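Below is a structure I'd like to ask you about.
In order of appearance the chains are A, B and C, and numbering begins at 1 in each one.
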Amino acid sequence: MQLSDRVTGLLVVGLGAAAAYAGSKLPPVPGQQVGPNVFPMVVGIGMVLCGALIALGVGRHFEEEAQADLAAHSDEEAPPPVPWWIAGARLLVPPGLLVFYAVASDFLGFLITAAIMVAVAARALGASWLITVGMAVAAPIFVSLAFGKLLRVPLPPGLLPTPW
Amino acid sequence: MNVYVEAFALVMQKDVLLAILLSAIYGLVVGSLPGLSATMATALLVPVTFYLSPIAAVATIITASAMAIFSGDIPGALLRIPGTPASAAYTDEAYAMTRKGQPELALGIGLWFSALGGIAGTLSLMLLAPPLAEIALSFSTYEYFWLAFLGLMCATLVARSSPVKAIVSMLLGLLVACVGIENPAGTPRFTFGSTDLLGGIEPIPALVGVFAVSEVMRAMMTAEPPKLPHRRFGSILRGQLELTKKYVAPQVRGNIVGIIIGVLPGAGADMAAWVSYSMSKRFSKTPEKFGTGHPEGLIEAGASNNASLASGWVPSLLFGIPGDTITAIAIGVLYMKGLNPGPTLFTERASSMYALYIIFILANIIMIPLGIIMIRIASKVLRAPRSAIMPVIVLLCAVGSFAIGNNLFAVLTVAAFGVFGFVMERNGYPVAAMVLGIVMGTMVEQSFVTSLIKSDGSIWPFFSRPIASILAAMTIAALLWPVFASLLGWWRRSQAQASG
Amino acid sequence: MTTWTRRQTLAAGGAAGAAATLGLKTAAAQGAYPNRPVTIICPWGAGGGTDATARIIAAVMEKELKQPFNVVNRTGGSGVVGHSAIATAAPDGYTLGLMTVEISMMHWQGLTELKPDSYTPLALMNEDPPGVQVKGDSPYKTVKELADAIKATPHGKLKASGTGQGGIWHLALVGWLTAMGLKPDHVAWVPSNGAAPAMQDLAAGGLDIVTCSVPEARAIIEAGKARSLAVMAAERNPVFKDVPTLKEAMGIDYTTGAWRGMSGPKGLPKEIASQLTAAFKKVNESAEFREFMANRGFGVKWADADGFAKFMDEGNKAMGVAMKAAGLAKG
């Protein structure tokens, strides 16, 4: 996922250009001299300019200083040597679990969905089975008591309604 | 004097004191949970206040919001996940201190200077409410435009990366703020036909995504880091007195900036923290230490955001105009309890008003012992295995973002911004700057467009109104300074190369 | 794990569902509606006026029907999300909603398909007419003077605000200008994020007129920073007895307002609907509700199911006319 500045700079240019173009297509509003198109266009053009600067490597030396600084007192280790596709799949676990919650919680209910989320995340992070099961049982109950009961957030009951 | 006695009697009721204590604990817990902001802590309290007496109801809002703003610093310092947008400005700084092995110092600063700032803000509310209210009412959209612009420029100051990338991040945030129908023209923009996008992307799910979810994603990539050297968590308050003496100027500046920004409707604790942190860096004698775990910026910003919280009540109480999202909710509660905002609140119901002041002071005082307990409990997080903490954070992100509007779309927003934040961070684009852009975007556009409509397209009022002209001068000076500084640096380097 | 097939999952779900309905049926045999908690959807955020109104209604209903009434804020999409949640809920009487005036506006702008007739109307509870506010030290002492000044100034010179582009208070201004025989944009509309920032800008000298409901302007009027010249209503507001109606002050019979009313999804059983309407009538007349609304300065209004349906239908048509005149309607 680490891309060169040339690539990210050009991506920014592209996004900015798309925003400016889409913005320019917005219809004007009667009675307003400055329509809804102006702001996205200004932002888009700004992104095109800055993206071009990044692609050309302007401002690079600030980052080198900062990185040197960070490296001086950093304990971050190199990623463990696993195949890239396993690393990539692991990476997508957290956002994937959120999507899973959005899709499944209405049907499965809060307790089951939350237990699955916690269990999958814990395993992906290398937790022992004991911790995994313990957290998967404790965390959903605790959260549902705190939010559903105390704060009256309507958590979906689904297949396994909470007894409280 | 009689009024004070009456007010004291109002506060010293069993139900009020209990409400303060419980809502203090509640605020500390909710604020410290990643994915739940101070605004949400307040919003979730509304149904509860329905069953309380008027003073107790307002006390819960005051106490919970003050506690939540402070405890938003806790996950920021310990896990690099800010609990509230107000903490996002200095999260990296606080986390750097933790990595240097000084988590207690970072959190102690947050606690101590939050409490002092909160008391300073309360004093301003007590003594200066009428003149502060005049300031609030002298701000038209022209002044707000400059203010918002100044706020956006903070993006380049807080980041320790390429300023160009910081600006791009900020622009991305502004672009995100464009989404939806909540723009001056009332035209749906970039909604791709989705009803959910019509209301725009709220700052909180975006914040939770780019900080919390992307942090969990990073954890997935790296091996469990070596435990911080196991040692007793040192005294939390030790050293704060010396820091108070050493950094008088930043602290006073933080309080003043916080009070002024808090009073202005629409600009709240979030902006106060950003502006103060970057002011601290600009005026510091050692700006190069910022971002490496240096207390100065934390002091100024921590003082500032809690000071703004109290002064934000000035326009709310006098005119019913909310100073920020928290007081917007508080106004609703005030009305519901028959404490209608307005000047009569200060005259006819003076004892209730003084009771509010006393509650503010009380809240900031009990913040210190409760905060210490909270920090001690939270610091266990540093010892717990990462594989037990991170799954709970993911779950809290889902529940917290859902609770904002009981809308599952917010959960998807969090997921999307998690991926986005991860990619940005990997490539050196500071995500904090994007959060700033999202928070400020609406205000920038709104104030700019409405100003132009009001002036029939002329930009003259942006410079001719007295306060606007001062703000304009400040903005332009701040804008030209980095150009000047980088030219100077370039000149020095080339000199050095020429001589070497 | 692998033996747990999709079919079994569904079966388990079906069993759980059947158990739930079974439980319901026995309960229903014992007592009539409502025999479990009722949800009231509020399409706007916690702490606002609609939220407060929903909560007071829920509190009184709880006493009336002896079951918990829970208010759930479903925000997003500028009200569209919450309104569609009301419309798509199961029509069993256990999910109701507090609708707001936006339901008769959003479909004209092409933001949603939902219209007032996509619901089972139950009861109209509140209506707040807009007032015409000027700055505290403004030279215009009466609405007549202001109207003359508006007519005398060139097109677009004066600026007004109160809400976003195409919001209810914008249309109030458009309606008033049209009733005076002027163009809908004779006074330029400055969009704002609601009434509070507009009132603040009025006091800061950035605007000439703010049209918003009197309760929204109340605190700042009491502070002497603004004055209300007239209300666009049939009757004066009891909190501001000195402020005349438009008809009294200048003979223009133009009224409008932001309203809130209870409704359920379409197809609510008749018995349940009429039971609810009767209960809402008691709420509307209760001392608790009246006192709360008076405290906030909100106007109490009552119409039963048929009256509410008729009220919304008329309002809906009037909105269509005004929005087309102002160029805000799509198509």
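Keep this in mind: contacts are C-beta pairs under 8 Å (C-beta built on N, C-alpha and C of every residue); 3 or more make two chains touch, one makes a residue touch a chain.
Small disclaimer: the values here were computed from a predicted structure and weren't measured.
Undergrad: Average the C-alpha coordinates of each chain, average all protein C-alpha coordinates together, and give the chain whose average is closest to the overall one.
TA: Centroid comparison flags B as closest.
Undergrad: Could you compare the number of C-beta pairs in contact for B-C with that for A-B and name the larger?
TA: By the number of C-beta pairs in contact, the winner is A-B.
Undergrad: Distance between subunit A and subunit C based on Cα centroids, please, to the nearest Å.
TA: Distance between chain centres, rounded to whole Å: 36 Å.
Undergrad: Suppose each chain is reduced to the average of its Cα coordinates; what separation in Å results between subunit B and subunit C?
TA: Those two chain centres are 32 Å apart.
Undergrad: How many angstrom lie between the centres of subunit A and subunit B, each centre taken as the mean Cα position?
TA: Chain centres of subunit A and subunit B, defined by C-alpha means, are spaced 21 Å apart.
Undergrad: Mind pulling the residue numbers of subunit A that touch at least two other chains?
TA: In subunit A, residues 29, 32, 152, 154 touch at least two other chains, as defined above.
Undergrad: Any chance you could list the residues of subunit C touching two or more other chains?
TA: Residues 72, 156, 165, 188, 191 of subunit C each touch two or more of the other chains.
Undergrad: Could you check subunit B for residues that touch two or more other chains and list them?
TA: 44, 47, 184-187, 406, 409, 449, 453, 456
Undergrad: Flag every residue of subunit C that touches subunit A in the complex, lowest number first.
TA: On the subunit C side, the touching residues are 12-13, 16, 39, 70, 72, 156, 165, 185, 188-189, 191, 326-327.
Undergrad: For a test of understanding, state which residues of subunit C touch subunit B in their complex under the given definition.
TA: Going through subunit C, the ones touching subunit B are 45-49, 51-52, 55-56, 59, 71-78, 80-81, 84, 109, 111-112, 156, 159, 161, 164-167, 188, 190-193, 196-197, 199-201, 203-207, 216, 218-220, 222-225, 292, 295-297, 328.
Undergrad: State the interface residues of subunit A toward subunit B in the complex, per the touch definition above.
TA: Result: residues 1-3, 5, 8, 12, 15-16, 19, 22-23, 26-27, 29, 32-36, 38-40, 43-44, 46-47, 50-51, 53-54, 58-60, 62-63, 66, 69, 73-77, 79-80, 87, 90-99, 101-102, 105-106, 114, 117-122, 124-127, 131, 135, 139-140, 143, 147, 151-155 of subunit A touch subunit B.
Undergrad: Would you pull the subunit B residues touching subunit C in the complex into a rising list?
TA: 42-44, 46-47, 50, 136-142, 180-182, 184-188, 195-199, 265-266, 315, 318-322, 328-333, 335-336, 338, 340-344, 404-407, 409-410, 442, 446, 449-450, 453-454, 456
Undergrad: Within their complex, state which residues of subunit B touch subunit A.
TA: Interface residues on the subunit B side: 44, 47, 99-100, 160-165, 167-168, 171-172, 174-175, 178, 183-187, 189-190, 213, 216-217, 219-226, 291-292, 385-388, 390-392, 394-399, 402-403, 406, 408-409, 411-412, 414-416, 418-419, 422-423, 426-429, 444-445, 448-449, 452-453, 456-457.
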